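Several structures are given next for inspection.
In the two assemblies presented below, chain A is common to both, partnered first by chain B and then by chain C.
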Partner chain A sequence: MICIKNFLTILVTFFLILSCVLTAQEGKALQEDSKNSLISGSRSLQFRISNNLTLTSFEGAMISAKKHFTSNSALRFGLGLDIRSGQEDYGAVEEDDNLFELELIAQYIYYTSPKAPVNLYLGTGPQFTYNRHVQDRNYEETGEDAAWQYDRSWTIGLLATFGVEWFAIENISFFCEYGASIGYQSRYMESTPYQGYQDQETTQFRLSSQTVDFGLSVYF
Partner chain B sequence: MSRLKKSVIAALLLVFGILTGTISGQNDMQTTQDQQPGPQLEHTWSFQAGISEYFTLRNFDMVSLSVKRHFSNKSALRLGTWINFWARETSQSEIKNWDGTNADTEIENRYYFAALSLQYITYLSSGKDVKCYLGIGPRIRFEYWKTTYESKSDALTRLGGDSGEIFAGLQSNLGAEYFFTDNISLIAEYGAILDFWGYSDLYNYKNELSSGFRFSLSPLPVNFGVSIYF
Partner chain C sequence: MTGRQKVGILLLIAAMFIVMGTFNQARAEDRENYLVRGSWSMQFGIVRDFTLTSFNGGLISAKRHLSPNTAFRFGLSLRGDVGDNSSETSRSYEQPGGGEEFTRTSDGNTSNLILNISTQLMFYSTIEKSVNLYFGFGPNFNYSRDKDEFDLEYTYEDIPDRDGFENRYMRSWSAGFLGSWGVELFASKKISFIAEYGARIEYYSLYRETNSEEYVDETGRFENFSEDSHDFRIISDAVKFGISLYFN
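Now for the complex of A and B:
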């Protein structure tokens, strides 16, 4: 009887220790699951997940990148630049076409709890855009103006976003974010009279919420 | 020593034995994982294909065939080509509206298209699964089409035309590559191009030449695709 009691005691002790060990390991595994790339010095590229799971550009058509200074804080930067200068000859008419488009976005991003399985973040920063488009048509024989159009606009604003980021693996995350912007825009247009106006100047102040962005971050 | 004490010590030894074995095994596994260098890309070839809607495949980087050759783990050359040519001859008979007589015509169409891109790619980071790379290199495209009408009737006034365009530029891409197996990776890259584009259209019925050129620095659409190494 004593032998059976001893055996049962040993079994219970064994299972208790085993349970403790397994629980501890499970906890460790959960902790490891939330391992991510939100660490000082990490860099990432951001892409927007578009229709039917295709990728497009996120903030800025040319590049959208992020650099972490600490696990909590990062700087997100977007650049879009398009410069075109061309000339077309249609026989009787010659056209010069010049376009310059620049978009700069910088946001300071703060992660509230970078070790959590799902990371909440807040961001804010300036946005600047500048567009200039000039089209000039001349009659080739006489050199006289056939048509002239000048369109220049710039916007300066402040963006604010908040979103959540979930790491599918250590280096790849999915995020979705809400955002709003406040901005001031100035636009000036000038054209030959028969286009309907000679010159027009518009200024605009706007506060607007952005559509939800869904994206993918790749850390390296 | 009582039998109970002996039993407890034996049980404890058993538990610690199991624990030691388990932890040691986990450490070995962890060490092995940490030491894994990731995919060895040196002297490998790969094909790239673009991923389109619902994960269907399409052309990658605006070429029909994209091949990459790694010289080392950190450097590679990516070559893209797209060649297309067709020639078509049509014989037709038309009734002229003004006098009701037939006009027999031979129409010949020819179309030539060739695109070539070459990029030197250097890997900026050498992570185990995710790598970041920068690519730079030239891209050219040539397109020409010609239509000729040969009338067997003197009355037919329609003539042909020809048109062509050439595009040459320097392209740069910054991308990230995720290896989900040693041989297959997903790639996503931003790009920009500094280019020259020129065209010429000649419509013989007007006898007018239309031509133009353009210099530009523009962003390229994001390339999203899959790379298969062998």
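Now for the complex of A and C:
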């Protein structure tokens, strides 16, 4: 118990000293102008840089784009849409597989100092996702149901991001960002495995940290 | 030497570094790095295949220079959810003498929270070079809580039904001090690569509890389990490699 008390005393002392130091010191702005495309009317496409520097989709599998209203503010928009419908033949059993995925993200992005070589930005905006996946297996000869699986989920929430963008040249930049989201998720699953039936319904309020995003922005 | 005296000496050393740092500020413009008073930076971890990840916290890892020699680094991770969960499972079995069917229904709620905060005061032993040695120390706090509560019901075709509940609870926290020492290489004035070792000393507490009850007619079966553990521990953290991007 004494040990915990000592630890707490040290923690409180540390924070007090630190807050004094932070208040006493004034940050000196070292602003350096640099050429970049953070200007009113500029548009850009974003790509994620993943393993071994391969490019993949960023916010949304279909498109991730940004438009600047002023040098400080922009709207970033991501759309992902995946529709798949297929049929597999496993001999005695055939399977219908239908998938629908939709993701919409819009973020208002604010740059604190758009003339700097490395720019800090903050963003916030809504996010919506909808997924529906149905797998239906039937016996080929009789047409009777062998197994059926239904999975539907949707999420609505608010995203927040904070990151930095570094311009390699005037219209190409690299960015890294942290992010968090708060949202409501609903999921319903139903399946009919062999001689049975199963369903599950989950609703959740969730606050989560997003994975760090590393990407490339190309301005035009 | 008492604990308070030790803390006093550490704080005095910290103050000396801050004072020394203010004298070095004047020469900041000549240097090929951004270790200057008032500069901010964000840190990102670099893992296998040049994938970027979180560095000192899942939500953010940032650093602010109080002087060229000293800086304050802050990391935060926060994750949590609260929700309802209901499920129904029906199974039927074919067996000699007839079939049997049973249904399991569960209805409950789940919640969990994870919070990690780490703050460090960093001291740079050199600031003029393109590769600079630094070390830092500061408090670290972790908290984790996980709770599930479920009502369960088993319905059978031929035998009496069973019902009951199952509760699980886990709470852990740790508070201590982190120490880190590493090098920072400036690739350009505002972009640097960092590699650091680290260790922490902390007090760790864990409490776990599971309760379940099950009734068949008037007969009940109860199960309770609880665990309470406390530890002081010294842990070497894995080597961290990352990139720091400076801005104001």
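Quick note on the criterion: the second predicted complex is superposed on the first by the 181 of 220 C-alpha atoms of A that agree within 3 Å, B and C clash if a C-alpha of one lies under 4 Å from a C-alpha of the other, contacts with A are read in each partner's own complex, and residues count from 1 in each chain.
Quick note on the criterion: contacts are C-beta pairs under 8 Å (C-beta built on N, C-alpha and C of every residue); 3 or more make two chains touch, one makes a residue touch a chain.
Given the structure is predicted, the values throughout are model-derived calculations rather than measurements.
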- Message: Let me test your reading of the model: by the given contact rule, A:113 touches which partner, first (chain B), second (chain C), both or neither?
- Response: second
- Looking at the overlay, does A:53 come into contact with chain B only (first), chain C only (second), both, or neither? both
- Considering only the touch criterion stated at the top, classify A:219 as touching first (chain B), second (chain C), both, or neither. first
- Query: Which partner does A:172 reach: the first (chain B), the second (chain C), both, or neither?
  - Reply: first
- Message: So in the superposed three-chain picture, is A:139 touching just chain B, just chain C, both, or none of them (first/second/both/neither)?
- Response: neither
- Greater chain A contact set [chain C / chain B]: C
- Classify the contacts of A:69 with the two partner chains as first (chain B alone), second (chain C alone), both, or neither. neither
- Of the residues on chain A, which ones does chain B touch that chain C also touches? 3, 6-7, 10, 13-14, 17-18, 21, 51-53
- Item | chain B residues touching chain A - in the complex, by the definition given at the top | 3-4, 7-8, 10-12, 14-15, 18-19, 22, 51-55, 124-125, 127, 129-132, 174-176, 178, 188, 190, 192, 197, 206, 208-219, 221-222, 224
- Query: Of all residues in chain A, which touch chain B in the complex?
  - Reply: 2-3, 6-7, 9-10, 13-14, 17-18, 21, 43, 45, 47, 51-57, 61-64, 80-91, 95, 97, 169-172, 216, 218-220
- Complex contacts: residues of chain C adjacent to chain A: 3, 7, 11, 14, 18, 25, 28, 34, 36-40, 42, 44-45, 48-54, 58-61, 64, 66-67, 72, 77-94, 110, 119, 121, 138-139, 141, 175-177, 189-191, 203, 232, 243, 245-248
- chain A residues within the chain C interface of the complex: 3-4, 6-8, 10-11, 13-15, 17-18, 21-22, 25-31, 49-53, 112-113, 116-120, 162-164, 166, 176, 178, 180, 185, 195-209, 211-214
